[in-house]
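Input: structures, listed below.
Heads up, the next two complexes both have chain A, just with different partners, chain B and then chain C.
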Partner chain A sequence: MLKSLFTFITASLLLVGTAGAAETVKLALIDPLTGPMAGAGQPALEHLKFEAKRINANGGIAGKQLEIVGLDNKVNPQESLVQLQKAIDSGIQYVTQGNGSSVASALIGAVGKHNQRNPGKEVLYLNYAAVDPSFTNERCSFWHFRFDANADMKMNALTTYIAENKDIKKVYLINQDYSFGHAVSKAAREMLKEKRPDIEIVGNDFHPLAKVKDFTPYVSKIQSSGADAVISGNWGQDITLLVKAAAEFGLDAPFYTYYGASSGVVTQLGDKGVDRIYQINEYYGDFEDPEMAKRQVEMYKETGWDFYYLRLSTMLDMFKKAADKAGSTDPVKVAKAMEGLTLETTNGEVVMRAEDHQIQLPMFMSVMKDDMKYGAEGTDYNFHKVARIEREDVTLPTTCRMRRPK
Partner chain B sequence: MSQDMSVPMQPSKSRTSLRGLVPWVVFAAVLLLLPVVFQGNSTAFTLLNVIGINIVFALSYNMLLGQGGMLSFGHAVFFGLGSYAAMHAMIAIDDASYAGEGFWAHVPVVGMPVIGMIAGGLVALVLGWPFCRRAGTAFAMITLGLGEMVAAAGQMFPSLFGGEAGIYGNRMVGPQWFGLELAQSDDVYWFMAFWTFVAVFAMWAFTRTPLGRMSNAVRDNPDRLQFIGYPPRNIRFMIFIASGSFGGLAGGMAAVNYEIITPEALGLIPSGLALLMAAVGGLGVFYGPIMGAIVVTLMNSMLSDYTDASILYVGLVFLSIVMFAPRGLGGGIEQVRVAWREGDLARRLPGWLSGALAVGLIIVGMVVLVEMLFQATHGDDEFAQVLGMEFDAAALWGWLTAAVLVVLGAVIKRATNKLREDQA
Partner chain C sequence: MLEIVIFSTLNGILYGLLLFMLSSGLTLIFSMMGVLNFAHASFYMLGAYFAYTLGMHTGFWPALILAPLLVGGLGALVERFGLRRVHANGHVAELLFTFGLAYVIDELVQMVWGTVAVAYREPEYMREPLFTLFGTDYSIFRGVVILISILMFVALWYLLKKTRVGLMIRAALTHGEMVGHLGHNVPRLFMGVFGFGCALAGLAGVIGGPIMATEPGMAATLGPIVFVVVVVGGMGSLQGAFYASLLIGLIQTFFVAIDASVADLVNAMGANLDPYGELGRISLATLAPMTPFILLVLILIFRPRGLMGELEP
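Up next is the complex of A and B:
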């Protein structure tokens, strides 16, 4: 035991001592890679590695080869800071993370302080999925870039879609009982009131986070309220079990969700999700663009994961474009080049807004269907596009007052 | 469980002699030497700082379980609330030092663990009384409920707990003491070393007080204690408060180290971590949880770089310690030390060494097996790499090697069982 511990410690110290080779630029993914939440981090890691190959074949990042390093944080903010320090010590200047606004909050604070205390050794934090709106509003930071629409933007797009759907008269809100769930509920009520004052909110439920095994009582409440539509910010098992209970109960109201297509949901729901579960996201499962279809097929074959995180591809492409423009991989120069940068994607033009480092992009409402050309998770189910919400209808003003380095 | 794991504390034969000082001098020397060894390596300092926090956390937990016989599943409540109190104080210092006046403008960040300690103690004082009537299962269930309740409340009151994003502060504010700027992790190290030393010493001193002795008595035989006129509930309550205070102290150290605290820190996972560290290190030996904290922290932060199955290994280590070495790492060392003192070591060593060899072989075999299984089911490499060697999951010889290692270990263990039994 002691001997293996000793070799283990020496090995870890040796690892720490080696810095990156000159001609690579490393991007560290700090996300859950083991344990119960690994299903959220692993696909992102595989996606990044898959797309890094394409970037490297096209000349890399400002001429340097991009290397993806996975660091396991177990979705714990404190552990994430240890992993961040490990990344910084091995010479990594770019980190990315997405799962959990608690972790994102810790990383924004730590990266900001590190850059303030270590001028010349700056680190950039590229956020691909932590959606707390405060990160690009009152807490905005020059060192943070968000490549996902924030929670309020998603709700803006979602309510725009609902507002145009005149059949919907009664809406039910069901969310997890913690800060994110409450924020979703509040945004939904405010935005619906503004866009469609005639819509009645017939229910506003909060259930314990990740503890409910049987949603039937909630579903029966939704049924008896006569709701035409349900809005939910649930993720993980809370969305799967909720929709499953609705299907078994025979509730036909559609579920408008943030995370209805995240990994595992399609497999677990199967037929029960068809025409019942909708998702607002920056992409969908039709893959009309042959280039995207090719990536989906190849990535599933190579890694066993779907090409789900279009925003990770957007992130790497923008990283490359900014670094090429700056002619350097120095984080300060890349960050300055990234501000206001536009990129032509398969969905049209997206732009990284300079004022708050929040990406501006079109969003899509999609619904789960059977017999899709490109099925998700090896099934025939995937999410079919029902509406496109333009960039102008997604965007929201910001309260950010960015402090930039000289 | 606690009674199987525990060994009665060895009474010190020379309370006043200098010999009792030796471990403390060594401890202080190690703390002073570590920065020289790891100079310029911030990751090492970051890990050392986390280890320092975990040492205090695990030791404070062991005051309850190892010394008082109270199995708690809610110890992170004190850690987390102490951390929240310290963080709110740090924010107050930040605000006050802008204004340049007020009480908080004169409080140094170095003193935050004291704030955490007071908060942890107060929480235990307020909540503890109804819990301490019974030890055992009832106590375990109540603390489990307490932990869940506080963790849920943490998510529900964003003004106090900051919601999912938590609350965050800056440690580089207020008056500086001892020239500690607290900018980098190697600077923070001195802060950690100081408080770790103070807390460890204070907790050791606690075991020497009459109350500390009584806590062992309440663990071993509460009925007799009641009979001779000490109500066990009062004693448990006092241990609970002391343990909560030191848990809060660890939380105050964490607030300065991480500069952020989120409601997750109050939950079941960090409470389980305390139990894990204490049990791996050994509940019956004072320094056991220190070793447990070091091993578990390193496994948590480093092991996942080498294998995707890291959590499985943490679980296996816990399982095998509970099953095969219920006295933990510290208990093992203590056994060797006692044998050496009694001149028994030479006679016992063959049995122990052969046992260690057998366990080592079984472990390597199991690791090869687990890694190959992992690669065969959903790995991205073709080979499982163990100790610099590559094992091909598709070929038979890899599986054979693993099986041979495990069988060999088991055979050696069986063959040498007699060596250990005779002298036990």
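Up next is the complex of A and C:
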């Protein structure tokens, strides 16, 4: 009697176990989780895990439970390909990555090759932050979806804001020396020339990615150039240390950045960053929406990281919506459902443009302020919205001619 | 232009002095024990992390003393219970031992303090400007760092040249066995020097941490440059290490500051390079992080014994 009960229980447990295992869909995050750029990868991992819980509570992805797997690539393209292979070998069909267009470039190539050679075992690459414009232009791929505005769109929004500020006459550009940094610099020069031909570019510097520890030599150069605004696309440690050095040397020029609210900036700068660091992003630190405020408070309490990557939430929500619509987690079907998909977010409607798989969304210019209701990193500082740039004003045409699977 | 020269000089000297603090310990250990300590930069990292943790309880100044002592003690233990045993198996075993140790320390730091940078900062009052020149502030902390480095340099010189211990160390550098035969405890001296070298690295970490960012990658970024300093200065030469540190510090900061391209530099020396070519248009600022290694290659080709080295490596 007891024995049969025992076998029944174990058998049913085993069944539940296997059933549970079959009902998951895994998403691998390939990003720097250690090393100098871990400050960009770790919060993304925590954000994904935090939001996955919400997705799973709401029925998961097409009925399956979403599981996030973190794979460390140390911002190294070769290492990323090893991790991608590892993910593929363990049956993962969805990968996401954001930090480093150099890495994204390698992943797009590898995913495309894999999908061509392994029909029926396709892998989808969801890009949440690698913003080299070419990925949704001349190098666009059916297997790649970008959930962040690309570097040109961000610069389009940023220069629109700068163009209205007539006090700015001299601009200094400082960027990381790789495809993304050069894209930022090129876009800044072209767009400023068009929108404000009177602005003079007094410097255009490139420094190696994640190698510079002491930015003081660059800062004295900016200081002596007489610039009254600095534009930088730096991310990770490169933005934290840059603005830290600028604050230390009393550089008064404001920084217009892509990633000024990266982890570590408010802690490192404190008072010296107030009214000085601007960020163009899809979100800001006011958390006017009570639902977002709730997530910020909960996530900070649970993980010690701020609710910073709204685009990761958007990405997961769109992933869910597309899979639910397709009624499947098959990457080809999900990809087809994702094309042209719209989603109502806290900032209004966003669209995944079918032509080039580039999300279309409104952007916000925000500036670091003290005494904010929801402070970042446990301080009272956060980024306060100063301007909203509508979707129509951010969007840019694409040259993409996508090849779709039959 | 003048402001760039002044601030670049100050920054270069500060960076150079930090490098010297690291490389002086390394070169002392090398010349005495013949061990190239691959884990040296890891002790520098430990110094920064110890000061960060201690500083939260004791404040900056006590941490400035305690953290290097702790690192030095740790170094002495490593020598006593690790290196000394491995020593019997020759230099290759010692090299491999320190190589492995560097990895172990890296992993331990990540386990204890996490994989991202910690908020190790100088005390609030030291962030105020010491002086302001051409609208640029120079913080009190940077002044303090330069002062501490110079004091340390003087103390090191005094210790080696004017004290009995220094006499023993200098004797042991060249005639280790003879010093032993005279009744001195050479293994204990080795342990002391190793610990002292590590303590210097730790001190560099304490004052370098707030300037360079305290994160698990800090050992890996500075490690190779410290070796460059030792080779350029001449293996085992303290004086050489001093000049090499300052040279590298200044070159690196000036390369960033000068707005010129490779073509400008080479053409100024009389060559004729296309200023818009692939090579010629590279700006010197982009090359800056590479300069220590370019210098290393040049030195190894033209002066293999280094600036002041006595031995052929």
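Keep in mind that, in the parts below, the second predicted complex is superposed on the first by the 345 of 406 C-alpha atoms of A that agree within 3 Å, B and C clash if a C-alpha of one lies under 4 Å from a C-alpha of the other, contacts with A are read in each partner's own complex, and residues count from 1 in each chain.
Keep in mind that, in the parts below, a contact is a pair of C-beta atoms (placed from the backbone, for glycine too) under 8 Å apart; a residue touches a chain by one contact, two chains touch by 3 or more.
The structure presented is a predicted model; accordingly, all values stated were derived computationally and were not measured.
Chemist: Compare chain B and chain C by how many residues of chain A each one touches, and report the one with more.
Modeler: B
Chemist: Classify the contacts of A:G91 with the two partner chains as first (chain B alone), second (chain C alone), both, or neither.
Modeler: Neither: A:G91 stays clear of chain B and chain C.
Chemist: With the two structures laid over each other on chain A, which partner does A:Y218 touch: chain B (first), chain C (second), both, or neither?
Modeler: After superposition on chain A, A:Y218 lies in contact with chain C alone.
Chemist: Looking at A:H207, would you say it contacts chain B, chain C, both, or neither? Reply first, second, both or neither.
Modeler: It touches chain C, and chain B stays clear.
Chemist: Identify the partner contact of A:Q268: answer first if only chain B is touched, second if only chain C is, both if each is, neither if none is.
Modeler: A:Q268 contacts chain C only, not chain B.
Chemist: Applying the touch criterion given at the start, work out whether A:E248 contacts chain B, chain C, both or neither, answering first, second, both or neither.
Modeler: Only chain C; A:E248 stays clear of chain B.
Chemist: Output check: A:G35 vs chain B and chain C. Expected answer is one of first, second, both, neither. What do you get?
Modeler: both
Chemist: Overlap the chain B and chain C contact sets on chain A and report the shared residues.
Modeler: Touching chain B in the first complex and chain C in the second, residues 33-35, 38, 177, 208 of chain A appear in both lists.
Chemist: List the residues on chain A that touch chain B in their complex, please.
Modeler: 1, 3-5, 8-9, 11-13, 15-17, 33-35, 38, 46, 71-72, 74, 76-79, 81-83, 85-86, 88-90, 100-102, 104-106, 109-110, 113, 117-118, 132, 134, 177-180, 208-209, 303-304
Chemist: In the complex of these two chains, what residues of chain B are touching chain A?
Modeler: Per the stated touch rule, the residues are 41-44, 46-47, 50, 152, 155-156, 158, 163-166, 168, 170, 172, 183-185, 254, 258-260, 262-265, 269, 295, 298, 300-306, 308-311, 329, 356, 359-360, 363, 378, 380.
Chemist: Spell out the part of chain A that touches chain C in their complex, as residue ranges.
Modeler: Residues in contact with chain C: 33-36, 38-39, 42, 177, 203, 205-208, 211-214, 216-221, 223-224, 237, 240-241, 248-252, 263-264, 267-268.
Chemist: Looking at the complex, which residues from chain C come into contact with chain A?
Modeler: Going through chain C, the ones touching chain A are 1, 3-4, 7-8, 11, 15, 110, 115-117, 119, 121, 127, 129, 132, 134-139, 211-213, 215-218, 221-222, 252-253, 256-257, 259, 283, 285-286, 288-289.
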